[in-house]
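Common to both upcoming complexes is chain A, partnered first by chain B, then by chain C.
Presenting the complex of A and B:
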């Protein structure tokens, strides 16, 4: 089997560079551990500035209520509106609360004293959430201070499935894994053909009796096995460190990982076959993997909120199917019956890319 | 570079580097077009504004009251009707497939209970996997039910009147926040990656030794290598800045001069990092892995570009101070969105400048030692 001969040669070359080998296999798991610990989209410890013109027991307990939870951290107590403005402009406070003079006495008389919330809207998402929290705190505490008893509406029962605490790390982990694996798998093969071209060894391969398919598959195979190993390590890390076990079918998970990794590998080979220098191959691989798997995969930004043209673009990329498939299998406990469209898309992408790489090599256009 | 001979040599080296860039027909598109594409995609895609959550309705009651509840959902701003399903099981299946974000179950007898002025209970089932969408759906559900209960009692509750004022980005456009970040990242990728690869390539081919034995001084050699990529980086940032201002209408409220000023220490940082990567790598493949995984990803993730630094574990937060991208983000967003100037932004500017000088000087010193 000449395909295996190429694979053996690739493996031997890789084993001579133990650092790259280690990076390929262990780095994805290490990065999953690091970023999984650190990253979160939850809004917490928002820096809060308070301008309390009333300084009474009531106004103080209003402020105390806001900083009692984990949402706000008191960062400054400015003494004037100007100072408040400059704190916001410098980014040292994101939310500011201004309590006017006479707050306590107006409240005692049953009136509705104004409390001003100022929010820096530049980070649209977290600003909206923080504003919502601030208004809830102020309204609820204010009502309590005014002596009101509000019974919560009993009209609905709300039950959250799959991720009951709405923890953003559960939501982020599948996307994070997809991004890391996509980059490492594509990058691994993206230099493999172009390097032979730069050093001139590609001619030797081409005059040998090997077919283009054997060269391409022989290069994809060893890297694919290594990347699959990396994917399993990543999943084991997510399970051990973050308790993210595969809830659904293990077979579905393995097929997702294998097809995704194969597609990424093949994409790397295509990049490698259309470029003439490793430098360009690297730039292309970076742009082709980092950006789409970060932005167009549903990792952080919901695909549904994007303009239609970008949703179509995302539909052409494998990361999107891997992320949605992984979320279904890992978080929701789905099986092959639910994720087969994702699997089909991943298989299609891999086949297309392998075909393109073989075709490029066959034409011998170097 | 004290003599005029040094300057001539530098000119020759820069020309050589530019010729090498031009010799590869794909290099220019990659250096110039890719950043623009990146900005366009980010500018349009990087939005977390979930407009509507999709609700599947399981109506087990089939009364006029339950139908009007479904109609309210269809007409609400926070929801979109994703169809009706016959049973609660079928509803849960919709969540599993991801074709709905919420399932509203109206139990049999809802209309009768409501008519009898008793508490009628409905159930919302929420898919929590996408926590952002889920919170919006839940807030919408609560709002809907509040408005239903409020119809019964029209008495205003006591307490303060909370007024809101939103500064800088009153329409809450995510794009305003993301585009300045992309500006910084584009500059990072172009200069860092290009520098690292260009230097390692000469190492791999052994041509650096050839240059090193010529009478050209080490610093001239280095400057000739780095200058073209610094120029490309600055050119790219200018293009991206113009695009963000005139294509995406991201405001530039502060001084453009200040932005240009901070580009200098930032480019020092990225060139220094690129050089460091090239020092520790023997092959271009190693350089690529190191640059991506040990430099680019950590710098981006720890910068507050998307993931807020305040929500990171407290023990990790001090480490983000070492990330020059974080300081650059603070400055870019401050200047562009909030119109801040030196008076407000001097702390991150000082930190950025310090990181730039230390990284660059350190990298150059190491590089000369290795080559000597």
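Presenting the complex of A and C:
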């Protein structure tokens, strides 16, 4: 079959080009490892300054509790408000706690002693998170020291599902995987037709009895298989390095990944069929994938809080369905029965892009 | 196969036209080519040669007109056409990063060849390319002449009835060009129709029949000899000079010579009607001496297709 002849040729060419092969198969896993390590909205080892005016067993116990975990590191013990202020402005402390006189005695009487928490708000996200941690410590310590007489506020009784530590890397990794795979798969094929146009071989293929569909599928399938392998390596990396195991159906994961990379590859072929040089194809492929799959996939920014027009735009992007499907399967343990709408959307995108690439090639766009 | 009284027409082109927006790239081109014939399309770049060829290969659809190639209609049955033709582009489009044998395998598979048939044709290709034992080499590592023959072998692997060669010897040296045309001659002798485009005159001299193309139209057609006869009896005078522009000016002012034109590093001019060869040579010598232009001794040369081309285009322009 002619389609297989083209696929075999593509694989032979790739096997003689170890660099491209490495970029296609191994690079996504390496990037996942690299960015997964630094990519976190969590706050750890926040420098904490404590001004303890009470100096009692209770106040020391509060400070010990806050600094025993991995969230806060005691960085200074200022003796005055002024000193504390300069520590914050110099960035040597991000959070400061001021325990007033009478902390222990107020607690003993069953009253609510005020503890002042000062946060450097210049990084709003991490300030918010750090403040949240600090409040939790205060509530927990207060309850512990006062015995059962003070009930913790009902608001603290939240139960967090799926991601009990609310670790942001769990939440972010699927998006990161989608973005990396999208870029690598699209770029790989975006170069393939335009490279053949530069060398003139595409013409030689098109004067043969080969149909445009056979050329397009003969290119998409081998690249798709390699990208699927890359997706498996990415998932394995996420599991080994970040403990993110596929909780749900492996078949659902494979189907999502296969349809997603096929769509990305088909997009690459469309780009390849409208450009004239490898350089332009590369740039177009990068721009067409990087920002949309970062901003509009729900990777970091929730889609529901976006303007409606952007939500509609996001609905056209495969990354959005891959990210939501992946979160369902990997974090929530879902199977094919749950993620089929995502699968259908991914299949639709792949079919549309393959059709567009075939149509462009058929019209003899050389 | 039974011997036909006159060789069958394998390429039949009628009023073939192609527009690109306002540009008329090919204008009502009509011609036939027969079994075993080498037909050349000669003309400058942009004259419409490649556009015509691409329409005949099914790569481009005509705006109007019709063409049948190897018995199939290029508009109605492009797939059938593609199965029956071979095509080689000026860039010898092979996969440079693959082995020579990988390229042969690919083209064999594209035309549905396998088993003993493929083995037989591969053996033929190895013999024809003339460098047996190097089929395992990467194409990019092979010399130009070998790449050219390999590209031809890929185009001929499936034994097509008609072969299209687009500027087939661009970038190879004259010795290789001669060797290449020996192969083309053998191919035609075996009954294949060869259709080639070229802007090299010496390439056109190898053709059985040549069509001169200018601005999308066939302006003259015939055997190279018949085309040269179009020029008439008058001698052609050639002069070489380091200052061809000045030489052209000097000769252009001489009434016993006409149609002076730059020709490589020299000037060609034709004797005016009724002026014998000796007198024309002497007239050129006198004109150049008077103008003080350094030059070689004027000689009479046989007409080339370029002289014909210039003459035909001039007549066409005079008419319009």
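Throughout what follows, the second predicted complex is superposed on the first by the 253 of 366 C-alpha atoms of A that agree within 3 Å, B and C clash if a C-alpha of one lies under 4 Å from a C-alpha of the other, contacts with A are read in each partner's own complex, and residues count from 1 in each chain.
Heads up, the rule we're going with is that a contact is a pair of C-beta atoms (placed from the backbone, for glycine too) under 8 Å apart; a residue touches a chain by one contact, two chains touch by 3 or more.
Keep in mind that what you see is a predicted model, and the values were worked out from it rather than measured.
Judged by the touch definition given at the top, the superposed model places A:17 against both chain B and chain C.
When both complexes are overlaid on chain A, the residue A:2 reaches chain C alone and has no touch with chain B. In the superposition on chain A, no contact is made by A:351 with either chain B or chain C. Put simply, more of the residues of chain A are touched by B, taking chain B and chain C as the two choices.
In the overlay built on the shared chain, the residue A:203 is in contact with chain C alone; chain B does not reach it. In the superposition on chain A, A:89 makes contact with chain B only, not with chain C. Residue overlap on chain A between the chain B contacts of one complex and the chain C contacts of the other covers 17. Contact residues on chain A toward chain C in their complex (touch as defined above): 2, 4-6, 8-9, 12-13, 16-17, 199-201, 203-211, 364, 366. Interface of chain A with chain B (complex): residues 17, 19-20, 23-24, 27, 31, 34-35, 37-47, 73, 86, 88-91, 103, 107, 110, 112-129, 131-132, 135, 138-139, 142-143, 145-148, 150, 153-168, 170-171, 180, 183-184, 187, 191, 195, 275-280, 282-287, 290-291, 295-296, 300-302, 304-307, 309-310, 313-314, 324, 327-328, 331-334, 338.
Contacts from chain B toward chain A in the complex involve residues 24-27, 30-31, 34, 37-38, 41-42, 44-51, 92, 95-98, 119-135, 138-139, 141-142, 145-146, 148-149, 157-174, 176-177, 189, 193-194, 197-198, 201, 283-290, 292-293, 296-298, 301-302, 306-308, 310-313, 316, 330, 333-334, 337-340, 343-345.
Those residues of chain C whose C-beta lies close enough to touch chain A in the complex are 57-61, 79, 82-83, 85, 87, 89, 91, 93-98, 102, 105-107, 109-112, 138, 154.
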